[in-house]
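Below is a structure I'd like to ask you about.
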Amino acid sequence: MRSGTYQLLLTFSLEVETIKFKKDKKVIFFFLLPALLFWSIFLFYPILRSFYKTFFFTVHNINPEFIGFGNYIKLFNDPVVWLATKNTFIFMIAAVVFQVGLGILLAIFVDLIKYGKNFFRTTFFFPIVLSAASLGLLFRLLYNYDAGLLNSVLKFFDMDPVLWLDASKALAMVMIPTIWQYVGFYFVIILTALTKIPNALYEVARLEGATTFQRVTKITLPLIIQDIRVTIVLAITGTLKVFDMVWMITAGGPFDSSQVLGTYMYSTVFQRRLFGYGSTIAIFIIVLGVVVTSLTNKFIGDKDVTID
Amino acid sequence: MKTKFSPKKVLNKVQDYFIEISMTKFVIYMVLIAWASTTILPLLWVANNSFRTTTQIVDAPFSLPDSFNLANYVTATERINILNSYKNSLIMSGTTVLLVLLFGGMAGYAMSRFKFKFRGFINKMIVVALMIPAFVTVVPVYEIFIDLGIVNTYLALILPHTAGNLVFATMMLSAYMSSVSTEIEEAALLDGATRWQIFSRIFVPISRPAFATVGIFTFLWSYNDLFSALVFVPNKSVQPITVLLNQVKSQYGTDLGLQATAVIVTVIPVLLVYIILQKHIIKGLTQGAVKG
Amino acid sequence: MKKSMIIVLAMLLVLSVGVVNAGAVELRVYSMFSGADPASGVYEELIEEFKAEHPEVEIVDESATLDESVKVRIENDFASGNEPDITMYFTDSQAKPIVESGRVTPLDEILANSPEWKNGFLDSVLEQVKYSDGNIYALPITGFYEGLIVNLDLFEEHDVKIPETKEELFAAVETFRANDIVPMAAGLGMTPHYNIEHSILKVGGAAAHDAGIADEINPMWVDGLNHMQELYEADAFQKDTLTQDWSGARQLFKQGRAAMLVEGSWAIADAQNEGANRVTIVPYPKVGENGNQSDLIAGFTSGMYLSKEAYNDDEKQEAVVELLKHLTSKEAIKKIAEANGGLPAADVTPAGLSKPYQDGLEMFKNADHVSLPIDAQIQRPAWQTLVDGVAYIVSGRRSAEDILETVREIELQTR
């Protein structure tokens, strides 16, 4: 009997099924209209204009000169773009594994404990609110060769100082703080998702004699799969836009070894002032993002799960 | 199964139970405390620096608190009208949050509870929207605002912030709403409820934790957006508090102490908003509605 | 959504339409004198003075530290006709989007009608801020000079001569390295600007430095960049210079861990670290045959622009010209120069300058020739390509010729 209930609780319906009404078309339109209006004016109209600009050579955003596919040809022949793309993909995998992974782990842990929930919920949020300028400074002071904290520690133990930001380590050294800073974000999202799992489910599982591990893998994770998918999409798109912390610590150097697409786009637009080419990189980033998220959705499957 | 009652066996079982529990709990607490220390120390470092001078920070960046000097806070109040800037920030980010929750909730509901032709297309558009960089939107939007004459008004930040944050809000809220049981919805429809009533009376209350989370991050991102603030509202009397962060550096040198102070001054309201809103991220409200 | 929430929302929206101004003449001003700028206090006083004298004029101060977002705003303001009535901006190659928008007034005639105002400026300075079409669009306030900032305590302690020649420079590098002191702090990775300029100037002389790159690649530019590589190989810079910018370099110098720093007059006060370092500024040593010991990089590369629309507006004209006059008067220039230690654009002597700044003015007066920085002469995309190429050159990953070839290509395309 008990076992039956348990089974029943864990069968999810995999389709969103609602009763259909004739008036639904109007209803959908009404519910979506405000968001679509905002997006059209403030996001899609600008990106279309930007797309148009990719066919021009423009410096300082003035006197555009039509060059056809010139910017796209330049993009495919620009070795820095490919290096930055490679780095961005490494970054992306690390972000999905560690950011989302740690976010899930910490959220489940906090959900499991009794004492100190609020303490951890509050403190894990701290890095997100600190500005990139202050965290960038902090990590520069940690990595600094002559006066940094890490080398001071090594010196204390009589070891040779390390050049933390050389070409072989720079990418890892900028990934660590960037990923660390936003773990709290994924933590909060997963924590939110966990609220929709009824305690009754856990109660049944406990009575069935399930271990903590089983409880997590058999109930918790399957039920928040939709939210995990959202966090993965956010981690992928977030990485494609990663910029400020990398900029503060290495600006993509040395020799572009920590260059990511976000920093390269920034320096193209704001330092070199090549708006047309910068827009081309922006379009490239968006196309990459759409392709990668579509593949990911194929991989995880994008069926909805409801608790019935 | 029948066994003979044996006090020793029971005792052993209880002991095993406690060992299992406490070992798991111990590891969990250790991991949580370890992570918390990495998140607390940087904030303490910044807070400590906010009481120090640039010279002190340069000479010993990681020294323990050595002074409790409020000079940086005094300078901060001279650089910017802090109360007025807080007010501007709260009006702009507060309005943004309310608009995003309303429109994002509506869009999230439509995306999660209906099947329609363009659903897949809109989902793709949402992914595209997530990646549009600020430099792409800033120029066209600025031109629109100049034409409308709303540069230097609160709307100049509220409108683009609402558009930008609606993307995340729609994703997050539709993911949350998608797992709500269909039975309640069906029952309500059969009772003659309108879609709006179902949305506002059932889905909004059920999704309160998700609304709280969206509110938190919308507030944070809108509040922290220095780039848009410097472009869309150049007039000092309308600028939000985050502009203080632009006021601490120049080629003449960066005032590291004042920078830390600016961070603390800007961070406090965000932390307050977080602490208030995260109270809603709790279990229990869903129990009645989600069948379990 | 609850009704109360919607009411609150409606109220906030009404509130947010905000800020309506009174009927008076309203003038919008943008200056870089804001926040951490040492002249921001003086600037605010000047604005207050003006307000007191002209109660009918309302001033909207849009000043902000000039970062990339503010640059975007200003360039776009000019592109779309929303420019402030008075704008402080660059007069070098970055002036292009401002002047070519056609929205700024040539000031030559206005100055000619007001001889007292015009005579306040040094003629040579007005010459320097002329746009390539021969008109003056911006009125300068203060300028800068660059050089080698040295930590006198370290030089004395290790008995090193302040270098004037290449040999002395490398001797100093060797001594400081041997004593575990960074000889020259620099941000070669992100901001090698000052090192590039001085290396080319002191290897190849002013003519080579000022030649630009459009016509040909001057061989002196190659030699100049190779001089930086030679220094890099001699361990002259801090080990992590390739991932640092000026602030990291300046920090080492401030801590007393570095003996030399190539920077500008704006950095002197900061480099002293509130008196912890005794410093002075000297010309970068003469490195090559064609270099000249006393030559400097110095000049005026910013000024106040006047909006054409404001000037042609009968209601605004008088007030806006008065305000421009007020902000660029001889007295105003003197006060600002005293605050930021820069070169005054007027024939005044700033009072109360500290010793290193006095040394700097002296150095400026003794210069045989002053050049504007290279980025005043070549286009921004080309200049940035050179800047980004430095790490590749000094580490030997790409040759100077190779990088300059790319730079020239971009320069030609941009023109």
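Order of writing sets the labels: A, B and C. Residues in every chain begin at 1.
Keep in mind that, in the parts below, a residue touches a chain if its C-beta (ideal position, glycine included) is under 8 Å from a C-beta of that chain, and two chains touch if they have at least 3 such contacts.
Being a predicted model, the structure only gives us computed values, none of them experimental.
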Graph class of chain-chain contacts, one of line, ring, star, complete, other: complete
Between B-C and A-C, the pair joined by more C-beta contacts: B-C
Between subunit A and subunit B, centroid-to-centroid distance (C-alpha), Å: 15
Where subunit A and subunit C are represented by their mean Cα positions, the distance between them in whole Å: 38
Intercentroid distance (Cα basis), subunit C paired with subunit B, Å: 38
Numbers and ranges of subunit A residues touching at least 2 other chains: 61, 147, 270
Sequence positions of subunit B contacting 2 or more other chains: 102, 135, 139
Overlap residues in subunit C, where contacts from two or more other chains coincide: 72, 76, 251, 255
Interfacial residue positions of subunit A with respect to subunit C in the complex: 57, 59-63, 140, 143-147, 163-165, 170, 249-251, 253-255, 267, 270-274
Subunit A-touching residues of subunit B, taken from the complex the two chains share: 24-25, 28-29, 31-32, 35-36, 38-40, 42-43, 45-46, 61-62, 102-104, 106-107, 109-116, 122, 124-125, 127-133, 135-137, 139-141, 144, 159-160, 162-164, 166-168, 170-172, 175-176, 178-183, 185-186, 189, 195, 199, 209-210, 212-213, 216-217, 220, 224, 245, 256, 259-260, 263, 266-267, 270-271, 274-275, 278, 281-283, 285-287, 290-292
Contacting residues of subunit C [partner subunit B, same complex]: 1, 5-6, 8-9, 12-13, 15-19, 30, 32, 34-38, 60-65, 67, 69-70, 72-73, 76, 80-82, 246-247, 250-251, 254-255, 264, 266-267, 269-270, 273-274, 276, 340
Residue ranges of subunit A in contact with subunit B within the complex: 9, 13, 16-19, 21, 24-25, 27-28, 30-32, 34-36, 38-39, 41-47, 49-50, 61, 102, 105-106, 109-110, 112-113, 116, 119-131, 133-135, 137-138, 141, 147, 149, 180, 183-185, 188-189, 191-201, 212, 223, 226-227, 229-230, 233-234, 237, 240-241, 262, 265-266, 269-270, 278-279, 282, 285-286, 289-290, 293-294, 304-308
Interface residues, subunit B side, partner subunit C - complex: 53-55, 58-59, 79, 91-92, 94-95, 98-99, 101-102, 105, 135, 138-139, 142-143, 146, 150-155, 158, 200, 204, 226-227, 230-231, 234-238, 243, 246-255, 258
